[in-house]
Amino acid sequence: MRRYIVGRLLLMIPTLIGVAILTFVIMRAVPGDIVALRYAGSNVPQEIIDQERHILGLDKPMWAQFADWMSSISRFDLGQSLWTGHSVVDEVQVRMPLSIELAVLATLFAVALAIPLGVMAAVKQDTWLDYAIRIFSIGGLAMPSFWIGIMMVLVTLTLWGWAPPLVFTSFFEDPVANLAQLVLPAIAVGYRYSAVSMRMTRSTVLEVLREDYVRTARAKGLRETLVVVRHALRNALLPVVTVVSLEFAFLIGGLVVTEQVFNLNGIGKLLVDAVAHRDYPLIQALVLLLATVFVLVNFVVDMVYVVLDPRIRYS
Amino acid sequence: MVAVLRSRIAPVLVLALVLAACAQQTAKPATTVTPSVAGGEKPISGGTLTFIVNAEPPSYDGHRETTFALLHPIAPHYSLLYKFDPSDLTKVIPDVAAEQPTVSADKTTVTVKLRQDVKFHDGTGMTSEDIKATYDKIIFPPTGVLSPRAGAYAVVSAVNATDKYTVEFKLKYPSASFLTNLASPWNFIYSAAKLKTDIHFYEKNIMGTGPFLYDGNTKGQDWKGKKNPDYFGKDKDGTKLPYLDAYKALIITDANAGVTAIRSKQAMIEFRGFTPSQRDDLSRSLPNDLAIQEAPWICVNYIVPNTTKKPFDDPRVRRALSLAVDRWGGGEALSKTTIVKDVGGLMRPKGPFAMSDADLAKISGFGKDAAANKTAAKALLAAAGVPNLSFKFLNRNITTPYEPVAVYLINEWKSVGITATHDVKETSAYQADLRAGTFEVALDFNCDFLDEPDLQLAKFWSASKAGKGLNFAYYDDTKLDGLIDAQSRETDPAKRLALVGDIQRYAMDEMAYQYPVLWWYRIIPYLSVVRGWKIGSNHYTNQDLTTVWLAKK
Amino acid sequence: MAPRPGTERASSAEEIAKRRYFESTGRRRFLRFWTEFIRRRPLGTAGAVLIIVMLLAAAFADVVAPYDPTAINFSDLLKPPGTDHLLGADNFGRDVFSRVIFGSRTALLVGFSASLVGCTLGLVLGVAGAYLGGRTDQIIQRLMDVLLSFPLIVIAIAVVAALGAGEDKIVNVIAAITVPIIPRVARVVRSSALSIVQMPYIEATRSVGAGPIRIMFRHIAPNVFAPYLIMLTAFLGQAILLEASLSFLGLGVFEPTPSWGLMLRGAGMQFLEQAPWLAIAPGVAISMAVFGFNLFGDSLRDALDPRLRMG
């Protein structure tokens, strides 16, 4: 087991190196650069553009730029944003708490909705309850979360002239202001993600309920609730955990549109801006960061597998 | 539709805050709307202004950047040598200068006397050395320092500090635009001492002489300033300026979120502009709390055919592209849904250098008989041998107003048998295409802080010479260069106006190199507690917030 | 059902007769399956009806749509729904109904191709990884991790900004949407397949000499068909929405091409209060499509799964 864990951790390194190389190459293959963008629409002569490219080191050959980046990373220096000139760490630090909190809230909401509803739908398969739950859950997929967000804001605005605060306050400073800002977006996003998990729960519970061991449990005269919770749910959780955890990692950097609608100062918006600006150091650092979060979550999921599914054994 | 709009705005009019509907009807110049300033109310000191900025400033150095997103949050920390009068935005008034400049008889020496009571935020007094250091950095940037607008001061040969409070600009030749360029909103006065220790100091630090002290910022979220108790400015009653205790700029990139911010009263104003529908949504939901100011805007979209690509090397084809577009009809319809409105040439319509409608109508594509124009366009295309012209139309991925303008153009071109495929790219990829010349026809844009031919004609210089990196039609034309140069040196206003007229006829009609679609129209709906701010024809000047105040509820 | 090439000529009359027989029983079974489906699964049937309606709309758009979807008519600017414009007119006076009808083409093309290709590749990689295990599995997993941990926007930019987007390059847009689907499906399929690989009957099949390809696709793949179908139908809707987000970023299809996503995200949001029909029409269309595919997919899964049928 220990060997598996160490091996698994070591395997993250090639993944991250792969991500680093790919990001670097991709971003430089894409047309456009930060300097032309910075002076878009203003009467800036070509010399200024060339000069700034030189200052930023963008006129160096690609291999040299890559070598520079790799050597600074090995010194744990992520560099500076080309756009603001501030260190990448500073830029990310400001946005991270909000993004993590939103991802946690949305996941909690999604799971709290998905698992009970999914189990209920499976147990009451093909009844009106099943239908109602399924329609409700597909509703989450059918309505884009930015649309749900805009609608929620429109409703609170029309009824009370109120909209969530536009400025982030730390939960530890003022929990009310903090939640006032994040609850609506968490619901908008969570509803959507609950849909996938709910359907996955329903489908796996349905399958597990037909398994021999569940039948045996039933035959032994165990109470239905106990059968469902103890036996069916435990085994049905496997794919659900996969979906939920993958989405969690995705939520941290992937809430671009929702962040825009609620004007949340998060990682997703930072990444989109960085990509639009062609701010290479920032993009590279962010993609690497998100990839690290992702492989770590993955690792944890694999560990959870071992705990949840007695059929899987790692040697 | 216009009637509907007017009736919706009517309640606001009753509040004597808005003349938007009138502006729409009579189309007077920028200064039709005079809300609080002319209201004769006495300004009240105190309060915090919250306003929206659409983007985060890159560096903090005004000399280096070109985006308004820097000016709105940062301009209140700084002073300029001269500035535009907040109550009459066509007039230049002294800021840290003590009086209007004096010009020598041969018009090549400009002398500026400075105020002696100006202090930097660190307490040091401002002297002519600071002005010299500031303008040297702008006009003669040392290696490694970027000054994108240095070209606008090419006429200056030297800046001298003749005594502690006098600065002298030596010019190579008389220049028509130099004096107004001293009021450029970008030319923040910096401290010579700070620049001496680190010429890049101002990229990451704030230290000016302006009405507000820097009070912190959160990246991607907000920017705060508080009243500078040592600010030199006073109003005509002797009250110390600024009136506001503090301001807070909220960075809100999404347009819907911006409207929400004002509607929920988390922000009071956004200084760039909203669309007509956003204005109407706000005035419907805040009937008692909203004021609106509107003005023509020194911003315009150009159709730019790449003259190095066939068949756009043929002036007939380029003229046909312009003739196919019914600008008058389009302006009327598009102004109801987006921020474009007036038909004009290369200079802002209704501005000081604008052509008369009669003169304008003589230029291909600017006449009012749309049907005749389209027939002429078809004939030209046939004569040029491309009756079924088709091309890719490069555009950037910004909705307002680029998308509606392009959709309209594509439809107009279709009506004369031209097939244009909309090719939308992210701004940086779009810029890359423009600069590399890898496009057929593009929708370009230009925004300036001043009605000034030197600025608005900068895109028209020969592409391989002064227009390098600016002229995306990629033509070289020594005749046009000569004309642009001549108007720049012409100090007689009437003669200059005539020259600018010749340039427009030549560039837009005879050669049809590149030409405007429609000029933009600025609409600012804001909470009516905000007083003392007046809309101008640009979103760059008048942002130091000295005279802005908040009414008591 | 088409005969494999090369076998046609060789077949004797007897064989042809035999094939006819099987085909006809196949047809009968097919019919019986669907009658059963319609009888027992009302939600799934409703979904199927929605899909058929959409397919018909896309196929006969020219006939169904009363107007040219790109024709500007400023005299009908923002006209509310009425007799001349069934679903109203947009900010250019274009007929919203016609744009929704033509928009179904873009939506179906992008949605179908992206989710079908993405899910199928994901299925193949997921099953292969689970069954083959060892080094192959590791490599596949690491590759999937790299793709998964890549933010969507970066992938989209990589594919579309470098290769181009727009009406004539819609393949690139589809590719940009497909890439992120693959690893997501592969992960889920792999996790389901892992438990099947350990089942005794797989071992049994192997011992009677079945090759890995046969085992993977005849024995494992059908058993992970449930999550596959769920993901397929779920991603169909996602793909349509994703196309909207990409178009909004300038990386998808552009105006004036009618596209539901563009209509909803662009003018739909801008004129939400003034002209809500601009958002409602494409919004309902997207929702109906997503509902249709999901309901149908779920019910199909229930109907096909042999274990569920037993119960």
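For clarity, chains are labelled A, B and C in written order, and residue numbers in each chain start from 1.
Here is the rule we use: a residue touches a chain if its C-beta (ideal position, glycine included) is under 8 Å from a C-beta of that chain, and two chains touch if they have at least 3 such contacts.
Note that the coordinates shown come from a computational prediction; the quantities given were computed from them, not determined experimentally.
Distances from each chain's CA mean to the overall CA mean are smallest for chain A.
Looking at A-B alongside B-C, one finds more C-beta pairs in contact between the chains of A-B.
Averaged C-alpha coordinates put the centre of chain A at 23 Å from the centre of chain C.
Between the Cα centres of chain A and chain B there is a gap of 40 Å. Averaged C-alpha coordinates put the centre of chain B at 47 Å from the centre of chain C. Chain contacts: chain A has residues 30-32, 150 touching two or more partner chains. In chain C, the residues that touch at least two other chains are 157, 161, 249, 269, 272-273. Contact of a single residue of chain B with at least two other chains is seen at positions 256, 426, 429.
Interface of chain B with chain C (complex): residues 1, 255-256, 275, 277-278, 280-281, 284, 329, 332-333, 336-338, 395-397, 399-400, 403-404, 406-408, 410-411, 421-426, 429. Residue ranges of chain B in contact with chain A, taken from their complex: 56, 58-59, 65-67, 144, 146-151, 203-204, 218-222, 250-254, 256-257, 260-261, 263-267, 285, 426-433, 435, 445-447, 455, 458-459, 468-470. Contact residues of chain C toward chain A in the complex are 40, 42-43, 138, 142-143, 145-146, 148-154, 157-158, 161-162, 184, 187-188, 191-192, 194-195, 198, 226-227, 230, 234, 237-238, 241, 244-245, 249, 264-265, 269, 272-273, 279, 283, 286-288, 290-291, 294-295, 298, 301-302, 305, 307-308, 310-311. By the touch criterion stated above, chain C contacts chain B in their complex at residues 70-72, 74, 77-78, 91-93, 157, 161, 165-168, 248-251, 254-257, 266, 269-274. Residues 11, 14-15, 18-19, 22-23, 26-27, 29-32, 125-126, 131, 134-135, 138-139, 141-144, 146-147, 150, 154, 195-196, 199-200, 203, 206-207, 209-210, 238-239, 242-243, 246, 249, 253-254, 256-257, 271-272, 275, 283, 286-287, 290-291, 294-295, 298, 305, 309, 311-312 of chain A touch chain C in their complex.
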